[in-house]
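Each of the next two complexes has subunit A plus one more chain, namely subunit B in the first and subunit C in the second.
Then we have the complex of A and B:
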């Protein structure tokens, strides 16, 4: 009798994958729904930039007689083309540039977060596993040193060290974009390392790790096959929080002229160029 | 007595009292978790290891499975010193020694299915692959009394007893000879405890397993063990056949432990009650470690000299009362 009750209870399907669990919790929270919608809009803007943008973001248009570039919003050029947000001082469509800028910015942020996660998770996992040994000390002290610099200062220093533009390491040539991703990833990886180490320490105290050790699993196997799955939720949360700050950092880098180089559309660069016209044409900014 | 499968000689494990290496520079004190433990277990036997929290029984179990490196001493498994083994030789022995843990919710990875959990030891040792693996998994969970449909379930979908059965199945997966059971029923409901204990005993018979059974529940130990070792503050104070120990306990500590077991008899009379706390294992009392709480201590002897574990009719006991008798 007791057994039967048990089985039916299980037949109810208490199976829940990580994704289902996430969606269930996400739905319940109104604020996260609104936030999710905004993020989705940005994502669509970024992904479909080539379709949404009315003009080529680097093409220069001529202002009609009596007007000069930059043109204010809703103005038309010599050939009667409409510019919803106007043009910049080189006569390029601001709307198109903003769309493409968002695209590159998100690529940049996503890429650097991914690399930062990879680096940080690896460092944190090893440090946590080797807790209390010199390996742990070495990794965590390095992390501390990196964290003691303000993020932007560290990023600027790294760009300074690598040089502006593409980077050549032996036969390997990294495009400017990849190089900036790497710079931002390096500056953010210590934060992931910290969090990862804490979670790994917590998980290492669980008996399933002891069980794997008793069976003869190697340290690498324990970390990758047992512990890692249990750290994913925490790392994802950390990653999505960091995403916002990496967007700011990469925009700041291009604002300072250390990031993406013109004529590539980038929000930071656009801000900088528009700065000169703040007084009489705030709309550019 | 049959051939000894496992023999522990002079096992010592000290933990640093200070938290990290920096604090250890200034604080060299150690916690004497296990301080000179000897015992042996014959093939097919169950040795019960009892003691209060902090008596070192869990540490002993973890040293035997090489989860913890001992400070000194030998752990001879089938003639090989486990402590010295490294690399491949160690992995080979690990296939023969398994462990069942106290808390099955912690010992099972919550993101893995029962099938993945039980398959892991087999995969690590590369024993069975492909189709045969599924059959073997069904067989192993069957041994532990679970139906194969549980293989696709996650631990949180199981009851405590079922989870512990998964823990047992995982231990059995590599066909070990020796299993350390670290309080395997402590976390379970009393009604489930008996089921799990009987399962363990049936498995022992069927697969001729040898157990080191760690527990603090005396009735549980009495039920499953052939011989029992009583630990106090990192030392074995008495070791005897289960019937001898429970009918004629000799060490005053064992006597007090047994007297503390509640008896459903209103006429049983006043219980012998131990006073005071277990002393700190950082600074254990000199001489016999039990002397500050012992009702039968011999002044001038017990607080000075540490009693050795000596043979005394059918068992071993570490107490000056019996050392005198032997002479």
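Then we have the complex of A and C:
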């Protein structure tokens, strides 16, 4: 903590751009370097999954004579192909599935956070701007009610409402992935709404908003052009904090079989399939 | 105080009402539902379908269906399960399942507190020394390990590795085999309690450190009170307020973790009931479990808020403010 205070007070003039200054501070903190490195590794794994993965994650390979799927790490199939982490019970390469699974998980979490931010920011901004009116009351009481749900229970209930698999509303068909993003986004949007309302209230008291009002700007313009821009840092911080929880929630949903459906590779689902095998193994021994 | 209680209670009931409406309408957004689940989507027999809808009361207009369910809710009748436990009253099923979850939650919270208190206090008293460093690393690990991973790891260790019968989960009622009951709930309770233990002890450490710097503590120290006395009297008591908030949050969130833990260790609790209900599209079951879950959460929050007043004499509800 002490180190951080030193570096933020560090002569601002020395570094030309914000980015350079950020990098300078970032380099000084060992913990953030380690964390950044881990995040970078995962990002590379996710982005380059198609290039890094040795095989197609849904292709099934045959075990050589005398062996059967699932195969242990470092085994070869009939045609002599090497599987670094082995195969699952359907003969699919675990390494490729894990790489693609990371990719889907991060896509899912990122998408959910983006939608949750949009929903939450809109709700919070309107509530904050219309402070004290019935609009504010309506939005914030809804938020309170949603927050009184246990998170995963709400997500599961929503999956229960929309059904497992893709969702059809009239002519509109949402893929399963988009549907899960929506479910998680709805679950987490109230938290953004709370923070957003607080920040908007704070910013509305600032002089520049009063100035904008004096020049006759409309409410919508003030909110979008003046206030919103200044709330971005807070929301970004909140979003990155939430990212970790949404990753967990989406993995939990997949684990319960309520998220992504097979054969799509997903880390949670892989763990669950492995668990079946685990019990089977335990029964046999 | 009484006025405050009444207000909180009223708001709680209101929240439950709105939740019930929300859940009820949500579960009816998507067509199909229980009829499809009962006779299968492919089975194309309009007459049978219509008959079934009439029997289940699904042909009534929306508001009458809701009123019917709500009326039952107030009488303590949660309706009958349609798919999963055909025809059995939901109330009984939930009560039975809730017992298991409550036992799991109780053991888990007890373990979490038993670990968190000594750990948090030790870390605060030996700040920046070895116990503190070890504590911080372990606590961070506890927070960032997902429930399902820890659960699987424990099953691999105890169930598969050591081949212990209780290591792979399952449930035995307390009356039948108390020791087996405890052993079987132990691993899931550890899984469920780990991140709560970490969160609670971290909060405890932080708030003890803060309390140690407060004026009244310094005064007590200067007056020459024995260390043990002022640590308990002044420091712990001041430090407890934020800690209780965190404990309350944990208690409210236990059901979240219980979903995963119960599935993993094959415990017949409320969490696994919810997931099974969603799979089977058993609407009365799902909506009732959700309502019960929200109700528990609201009750826990209320208890936590009231307990502040017990710990901090400056907090009084319903006067002034």
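Here is the rule we use: the second predicted complex is superposed on the first by the 250 of 285 C-alpha atoms of A that agree within 3 Å, B and C clash if a C-alpha of one lies under 4 Å from a C-alpha of the other, contacts with A are read in each partner's own complex, and residues count from 1 in each chain.
The working rule: a residue touches a chain if its C-beta (ideal position, glycine included) is under 8 Å from a C-beta of that chain, and two chains touch if they have at least 3 such contacts.
Here the structure is a predicted model, which means the values were calculated and not measured.
When the two structures are aligned on the shared chain, A:106 is found in touch with neither subunit B nor subunit C. When the two complexes are superposed, the chain touching more residues of subunit A, out of subunit B and subunit C, is C.
By the touch criterion stated above, A:150 is placed in contact with subunit C alone, subunit B being left untouched. By the document's definition of touching, neither partner reaches A:46: not subunit B, not subunit C.
After overlaying the two complexes on the shared chain, residue contacts for A:119 are found with neither subunit B nor subunit C.
In the superposition on chain A, contact of A:160 is made with subunit C only, not with subunit B. Legend: residue contacts after superposition of the two complexes on their common chain; A:260 is shown touching neither subunit B nor subunit C. In the overlay built on the shared chain, the residue A:183 is in contact with neither subunit B nor subunit C. No residue of subunit A touches both subunit B in one complex and subunit C in the other. In the complex of the two chains, the subunit A residues touching subunit C come out as 141, 144-145, 148-153, 156-164, 167, 244, 248, 251-252, 255-258, 268, 271, 274-275, 278-279, 281-282, 285.
Contact residues on subunit B toward subunit A in their complex (touch as defined above): 20-21, 62, 65-67, 90-91, 94-95, 97-99, 101-103, 106-112, 117, 120-121, 124-125, 153-154, 156-157, 159, 167, 170, 174. Listed in rising order, the residues of subunit A touching subunit B in the complex are 6, 10, 14-15, 18, 132, 206-208, 210-217, 221, 225-226, 229-230.
Considering their complex, residues 15, 18-19, 22-23, 26-27, 29-30, 32, 144, 146-149, 152, 155-156, 159-160, 163, 168, 252-253, 255-257, 259-260, 263-264, 274-275, 277-279, 281, 286, 290, 293-294, 297-298, 301 of subunit C touch subunit A.
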